[in-house]
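Both complexes below contain subunit A, partnered by subunit B and then by subunit C.
Showing the complex of A and B:
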């Protein structure tokens, strides 16, 4: 084997290992939140990175905070603040909604706690 | 009426000879049942690699693509999904070999080229499978396994190819 061959082999092994890491063991992979605005506009956002989302709804701007793979309504322009009191959402299927502002957030994951929920 | 006779050149004969070799291995391999469905050793690529290192990329490309075409006609998978997979793999690996051959030439030997070709082959096939046949996220979970096998099989056929090249005077 030439040096080039050995280099190719080593790079190959590293590549395969990183594929395993990426596709099998990456944390938070496949965990998203689905944000529905006014029952039609839908957005998928990854829970992997911490951020604050500002969503414009019917009565104002709702602030959604993503932190450590969890999400919550941080601030809402509505009067009863039910969405804010729902607290952190983290497991697949967790759900919070602000009806006055018409914004709903649902955690989408590969393994959800419930198969389906009917309201 | 005039008849046109095409005089095959020495190179044409050589391509035919090598492609015939590869096709033979291809068919022989198709007859052996594989313990994992859809996965085979890809021993025919030994010929492609040996051709690349002895006669250059142009001939290797001919041998590889002729092998896929004629091999599929012989086995009876021409224009079937199997053929699409086989062709996309061959095209990807031929392109990969072309780029690396241009850039690196003889700095890499048979083993290196074989691994590179195996990776490209698998990646090409996987992309075809993903976009054409099974566009499902779950398929991605299989990619590391396939790539591991590509590495192992590429290494094996590379070793065979380098042993073969040594015996060619």
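Showing the complex of A and C:
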């Protein structure tokens, strides 16, 4: 094995070790979101891929944006816009809902800081 | 065929296996089941642990019906037994109430009595005047003239007579809106139902107020308490024991701004106006209906009277945050609350017994 090979190998090992630490032991960061529509339909969506999700609810279409492992209500057809003002969700247990449109979003993480939120 | 791997290829192969193993963390654990309901003008989240999905699904579907029934039975502003009762009391008539509504009326009277009138679920007229009977936010506060009119006719629940299932009142200003504690009472009933199904580990969280039974798989249920002024942040974490309820009343939940002034939804029944001292009150106790009423009562009681009202209501685990951000806790709450910012200055109240209740 040449020096360059060894260097590549060492960098690879360090990279994998750091990923292990981050993915297995970082507290709280979410892996998935659970979207509930009108208490009937549930979908589990990965937070890994940036995308815009358009969800049809009771009063119209809510747009959910996934970006950099976070999610938010980007647009909502409701009048109060409480869901949009909630902002980005990223940690396990983080939660936002649009009551008029009956759409709820919760971040699901294997290693979560808390199981439910009190407010 | 014999495959010969050179040492460099072996190393890269090992790295690829290690990377593949990383993907093992991508599936969420399956033993926790979560459900959401839109009722009581809010969202209810149900979390169930330690049972098969089939049983959890069955219990969740039954609760869907029960929550809808409770919402319809207790709604003051749509045709319901409460609306009928309000109409009869306004006319000075004696009403006959069913077994579903009666326990709530008894609790309404008892909670008001021990709260020194900081909790009053008979202020339907006042809530209507402010526009809080609707899901949408109000646009402007009522005129002072209307507030003055209310102050001359504050509903007095001590004048409500409950004789068996017969309810009457000599005060026709009494108009029930049970929103101040019906959610808590509903949570208690939901937990009872889960237990009757053999489910012993669950959280029922209705719009941020919750009760737990049992524990998560191998540790207590852990709850984040939202920071009243930092959106998306938690101020502290709590490990909640079997059968405990955690309720918070905060001025950030529902409010509107009119002419640069912020008006929130927690009205002081004694003034007709939003209570002003505090931004949030968090309570731990077992009875969720009591916790619901007490969180509102202590918020209204403010810095001057909260200790007195907490003692009367039998609550000893309390955290308050005033409008300047100062934290107050009872001696029994302090060891339970794991604050995110460890060096915060806390005023500890020792006037309330720290025995567990």
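Before moving on, here are some points about what is shown:
Keep in mind that, in the parts below, the second predicted complex is superposed on the first by the 85 of 119 C-alpha atoms of A that agree within 3 Å, B and C clash if a C-alpha of one lies under 4 Å from a C-alpha of the other, contacts with A are read in each partner's own complex, and residues count from 1 in each chain.
Rule of thumb we're sticking to: a contact is a pair of C-beta atoms (placed from the backbone, for glycine too) under 8 Å apart; a residue touches a chain by one contact, two chains touch by 3 or more.
Since the model is a prediction, treat every value here as computed from it, not as a measurement.
In the superposed pair of complexes, A:84 makes contact with neither subunit B nor subunit C. Once the two complexes are laid over each other on the shared chain, residue contacts for A:59 go to neither subunit B nor subunit C. Once the two structures are superposed, subunit B and subunit C can be ranked by residues of subunit A touched, with C on top. In the superposition on chain A, A:4 contacts subunit B only, with no contact to subunit C.
Contacts of A:45 after superposition on the shared chain: neither subunit B nor subunit C is touched.
In the superposed model, A:100 lies in contact with subunit C only, and not with subunit B.
By the touch criterion defined above, A:32 lies against subunit C but remains apart from subunit B after alignment on the C-alpha atoms of chain A. Of the two partner chains, subunit C is the only one touched by A:108; subunit B is not. When the two complexes are overlaid on their common chain A, residue A:16 makes contact with subunit B and with subunit C alike. On subunit A, the surface patch touched by subunit B in one complex and by subunit C in the other comprises residues 1, 5, 9, 12-13, 16, 19-20, 23-24. Every residue of subunit C that touches subunit A in the complex is listed here, in rising order: 7-8, 11-12, 15, 18-19, 22, 25-26, 28-29, 32, 34-38, 41-43, 45, 47, 64, 135-137, 203, 205, 208-210, 216, 221-226, 231-232, 234, 237-238, 246-248, 250, 252-253, 282.
By the touch criterion given at the top, residues 1-2, 4-5, 7-9, 12-13, 15-16, 19-20, 23-24, 30 of subunit A touch subunit B in their complex. Residue ranges on subunit B touching subunit A, taken from their complex, read 104, 107-112, 115-116, 119, 137, 140-141, 143-144, 147-148, 151, 154-155, 158, 162. Residues 1, 5, 9, 12-13, 16, 19-20, 23-24, 31-32, 34, 36, 38-39, 42, 44, 46, 48, 79-80, 85-89, 93-95, 97, 99-100, 102, 104, 106, 108-110, 113-119 of subunit A touch subunit C in their complex.
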